[in-house]
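In what follows, structures are represented as structure tokens.
Each of the next two complexes has chain A plus one other chain: chain B in the first, chain C in the second.
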Partner chain A sequence: MKMSNVRKRKIAGWLFAAPWLVGMVLLFSQSLYSLIRYSFTKLTFDSVSGYTFAPLGNLFDNYKEAFMVDTIFPQRLITSLGEMLYRIPVILVFSLFIAIVLNQDFKGRGLARGVFFLPIILSSGVVSSIIKTALTSMSLGTDSSTNIFSPTVLTNALLEYGMPDKLVYTISGMISDVSDLIWSSGVPILIFLMGLLTIPTTYYEVAKVEGATGWEAFWKVTFPVISPYILVNLIYTCIDGFVSFDNSVMQYIMDVAYDNVKYSLSSAMALSYFVIIIVILVAVILLTSLFIPYGIKLGRKKEGN
Partner chain B sequence: MKKRIISVLSLALCLCMLMSFAGCGGGGNSAGKVGDLVLEDTAQEKLFESARGTTITHIVEGEPNDYTKTILAELEQRYGIKVKFMKMGYSEYTSKIAQMVATGSPPDTAVMTDALALNYIYANIAQPLNDYMDLEDKYWDKDILAQFTVDGKIYGVNTGDVDTFFIYYNKTLFEENNIEDPYTLYKNGEWTFDKLREIAKKATLYEDDNKTVKCHGFATWYREVFVLANGGNIIGLNTDTGMYESVVSDKKTVTGLNMIKNLAMDGSFDPAIAGYAEFPKREVAMLCERPANVVGNYDLYNTMDDEIGVVPLPKGPDADKAYAASNMIVNYVPVNAKNPVGGMAWNYYWLRRETEGYIQKDAAAVARIGKMMNEEHYGIINGYLDEATKISSKLDSLMGWSNYSASFWGGLVNDGKSAEEVVATMDNTLKSALERTIGK
Partner chain C sequence: MQNIKKRGEMSLLYYGGKMVWSVLRFIFLVEMAFIVLYPFIYMLSMAIRAPEDMYDMSIVWVPKHFTFDNFKTLFEHLNYESALFNTAIISVGCSLLQMVVCAMAGYSIGRFKSKGSGLLFGLVILTILIPPQLTNLPNYILLSDFDFFGIITAITGSGTGINLLDQYPTIYLVAALGQGIRSGMAILIFTQYFKGIPDELEQAAMIDGCGYFKTYTRIMVPNAGAPSLIVFILSMVWYWCDYYTMVTYFTNIRTLSVNLSGIKTALQTVFQTEAYSPYKIVTVEQAACVLCILPILILFLSLQKKFVNSIINSGLVG
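Right after this comes the complex of A and B.
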């Protein structure tokens, strides 16, 4: 029996996803189960069996402690969400801008692309850790002039001119984050560039014949075609930011587990954070889908016709 | 006749000498040769007999250096114990130790800092060591043991390293500005909190505009230093209940907190300046630091043209004796360690070798100590450590302290609030953090 193309594509899709699914079932599910178990019990260490799970007075005691007793976790959660609100648009706009620049025909384009993709190449654990340590020591350097991202002078100047404190500290916070933003933009640039390369040059030729300016061509041609990639990047940037080791919530969860040896509480925090991220991602996907003409939807419509 | 008497007397003397030499081997304190060392047997060592022929596991960051290898060989020769190293970095160790305890595969000895102490003790990561110790042994530092004792149980032992804070001052700068010499004041018994404050003010130098500070009188990153020097603490062990409690509102603590606040309010201390980078540039006149950092990390003795002076911290006005404010790193034996006796044997032998100064036979160590400081400073530091009671803080091991510390210290040194005011607002937070840390 001959397999239909649709069926073949479905099987190919499953095959592509298989390594991830197998990994998820074999590795992640076990950890997720442990995480859930830890969070609903009190894990203690002892010299008899190594560790025991004591039942809690109230099943949600660890969650109550995370949100109602611990003053730091909710505070860091809010701060982290607030930071994401400005980081994500900045990373997306910056990445799109750089991708458009890198898509132009100019001498040394290969080198320029290489420079912006360095964060991806170097983001493997050890190299990334060495570079980030170097950047940190630079910013804590003995000579403040060695910190190229130090906003102290600008902050002082803006404060002297009477600008509102909150605005000044938001700006200086963004400047301090420049290196982080560049670091986080490597993959989004690559995804945008891939999207830009899929746009046939004929679209621009038609736009030009119709008398569209460059600005109009961007909004009428480039933006609609790459908008699905914006959604992909949005999701990627959200996850990357939320689960980064530099994220203050992640840091705190690890501190509670490793330094304070409170694994049950830390698990409750981690699981809550996981659920919050999922909720945010679903909301982001639903909201952006309303405004983005997503390719698959158009395709399905065609199939139905 | 006279010659005969002399020869008989000489023979008798020789015999006595020979007998006395022979007697050395059979006395209470016998000597054992280890490598090129001769070590007295101690009662503590008898407790390690059961570990003969065993192997211990010990965490090490990289490859063991020559000094460690020497100790390994000596440990095997003396106690018949072999050592197997687990190689891992500090952050990997802290993130894995609980799992290792849970699965019964921890190392037989590991390090614990003040910042981890309460967590490891109350979470059952560290085990009591009393059964493996002869508490009368002279090598165990009673001050350090006391800082890691809860309810009579000792959880950490000294390693030979103590990071006590001293005040390093720019002697040349002091002389140029006719400022009294702190060490002379110390020797004369005039070195007090008030005197330090007065001198810090004098040593704070301004540009020609009389506004811009070009040299701050005092700098430190460790803000609890005066609390400890005053015999206080922010959280302390109640010896009656055997429990840690917040003692932040004690008079000794409040006085110590006000001292650092006053230095900041005088303009002598800028909270944003840790001082190690500014001290060599004459931007800080007195730096309160630990010798290990001054020598090891910053190498100030070799990089400064100016002459350096060193003086202990002044005894606080409420202190009953001299307290040496320190950061402590101890060795402990994790719960479920397979060979706790062997682990303690390693801890003891390492400590003994450090304490007895045999480290100086190691070429690298000699170079390090040679660079460390001149003989006079070495004497000042050791003299002070002999007479003062070492004291440390467990504040950094409180849950969430890294987050609370900014508002606690910021209120004092940035906003100029009085210690009483800051203490009043932080007392409940500290109590809650402490309760959650120790799980009571």
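Right after this comes the complex of A and C.
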């Protein structure tokens, strides 16, 4: 009787995942397979027969070329990894802060939420590229491709009023950093906001009655409930940063694929890049799970019966 | 006793602090709003001005010749209506399917612990990791000549599979199989949410005689308002703004972002006979951007009111 219950539970679990698993086998596995296959062959396009595969002399030729022959790829890889290392925690803290502010009760909250939702729409798709070129042609844009707003006007104004140079440049640097942050933390803010919404208000009432300060309530109530979503946002910001097309490594991979028409080499680069990202991600998740209760239980926990 | 005394002393400090905080919050939000709204206001200001206002250097934000001509051009010459209709049909349908399927997958990964669930979690991360642009070519080849492990060619007897491209059902099917745009993120959100639901809730339902599926539909789904809403909204944005996937799946069915990407050349052909003005193109282009963004922004502003409701529900049950 007991055995059959466990069995039933197992079957139910697989059934819930069934549509997605079918999709994984049917579509995802196939495109992953082709990606892997391209990386181990030489794929050439011509106008007559479409595309043809040619076997490589050595199976790992594409990978060798990516890391040994190509000088730009490994170099860009290292700079982009270093950059992400400090960007991720900053984005996470910033978006958690904004989410907490947006969850507070004040007039015009709906509008404020709308404002922080805008970057998600504006920064995805064709609209962003159009607005970027338009603002750059107005000579208000910056050289950086991720930054839409630049504080040039403000800087000039402050300098005219006779503020010390150093102070002005510090302020303008901070502003452009913040605006850069906003554009990449739209989705994390929304996810944190959702996590905050799942905390019953009674928890805070209890904390208040017990005499907890706001700071204590944050660490004892908010943080444990929100921590599973820190994992979601960690994965999102990490992948969004690494795989977005503003990333120098991704740009290079796409250049190799479409400008130089070396699809096989580009596949090899992309695959090794993904493997590196996954290794980093797993390491980061395991390391931080020592401090942050993500809800990952290593090994099987006993079923509660 | 000590606590009560402490709180009494703190009350003045408490209210003073609250006042200071709300002022600071206001300043902070206005500052942030300025950064975010800047490109949006630019867009709006361009969209409602007549092209001759572009020559006038005295006009920065508020145009002198207020006009809706730019929007009219979009509707009359650039098939904006049909593009809007296509985009709406595709993104609403796919987002709903994605929400339902990913909720189920997330429920399975988050609550049914087995040896495989760690592996499934890794697979989810893998699907997020590989961007759609990179699987474009493999997907295109796969769907243009769809052959389910050789079964279809075996049945029809012809040498090629079926061409599934350029039809609505294809993109719905992909979403229903949990392989839509960034479906991994949706699964991840649901997984983490369902992990947090207390075991007692499920056990109580089991004792009351609910099977696994009844427990899911009666207990879990009504509780999952917040993640469903977020997943729906995010999927809407991702489908609405997507360019690469739409270009892969469709050639004749044009969506908003596909239209928008080719708007410059389209406008040049439309206005060939009239006096060619580059400024006209700028204003119409910005009008198109506004129309592209507006529906999804309105959707968010109307749905964000529901963000409060879900807390009351989950508070009552959990």
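Observations on the model:
One rule holds for everything that comes next: the second predicted complex is superposed on the first by the 207 of 305 C-alpha atoms of A that agree within 3 Å, B and C clash if a C-alpha of one lies under 4 Å from a C-alpha of the other, contacts with A are read in each partner's own complex, and residues count from 1 in each chain.
Quick note on the criterion: a contact is a pair of C-beta atoms (placed from the backbone, for glycine too) under 8 Å apart; a residue touches a chain by one contact, two chains touch by 3 or more.
All values derive from a computational prediction rather than experimental measurement.
Of the two partners chain B and chain C, it is C that touches the larger number of chain A residues.
When the two complexes are overlaid on their common chain A, residue A:243 makes contact with chain C while staying clear of chain B. By the document's definition of touching, of the two partners only chain B reaches A:258; chain C does not.
In the superposition on chain A, A:200 makes contact with chain C only, not with chain B. Of the two partner chains placed by superposition, A:163 touches none, neither chain B nor chain C. By the touch criterion defined above, A:72 lies against chain B but remains apart from chain C after alignment on the C-alpha atoms of chain A. Contact with neither chain B nor chain C is seen for A:279 once the two complexes are overlaid on the shared chain.
In the superposition on chain A, the residues of chain A touched by chain B in one structure and by chain C in the other are 254, 263.
Taken together, the chain B residues at the contact with chain A in this complex read 94-95, 98, 101-104, 115-116, 119-120, 123-125, 127, 276-277, 335-336, 397, 399-400, 402-403, 429, 432, 436-437. Looking at the complex, you find that chain A touches chain B at residues 44-47, 50-51, 65, 69-72, 142-143, 252, 254-263. Of all residues in chain A, only 8-10, 12-17, 19-24, 26-28, 30-35, 98, 101, 104, 106, 110-122, 124-127, 130-131, 134-135, 138, 148-149, 175, 178-179, 182, 187, 190-191, 193-194, 197-202, 210-211, 225, 228-229, 231-232, 235-236, 239, 243, 245, 250, 254, 263, 270, 274, 277-278, 281, 295, 297, 300-301, 303-305 touch chain C in the complex they form. Residues of chain C touching chain A in their complex: 3, 6-7, 22, 25, 28-29, 32-33, 35-40, 42-43, 46, 101-102, 104-105, 107-109, 111-115, 117, 120, 123, 125-131, 133-135, 137-139, 141-142, 148, 174, 176-179, 183, 185, 187-189, 192-193, 195-196, 199, 203, 212-213, 216, 226-227, 229-230, 233-234, 237-238, 240-243, 257, 260-261, 282, 285-286, 289, 292-293, 296-297, 300-301, 304-305, 307-308, 310-311, 314-315, 318.
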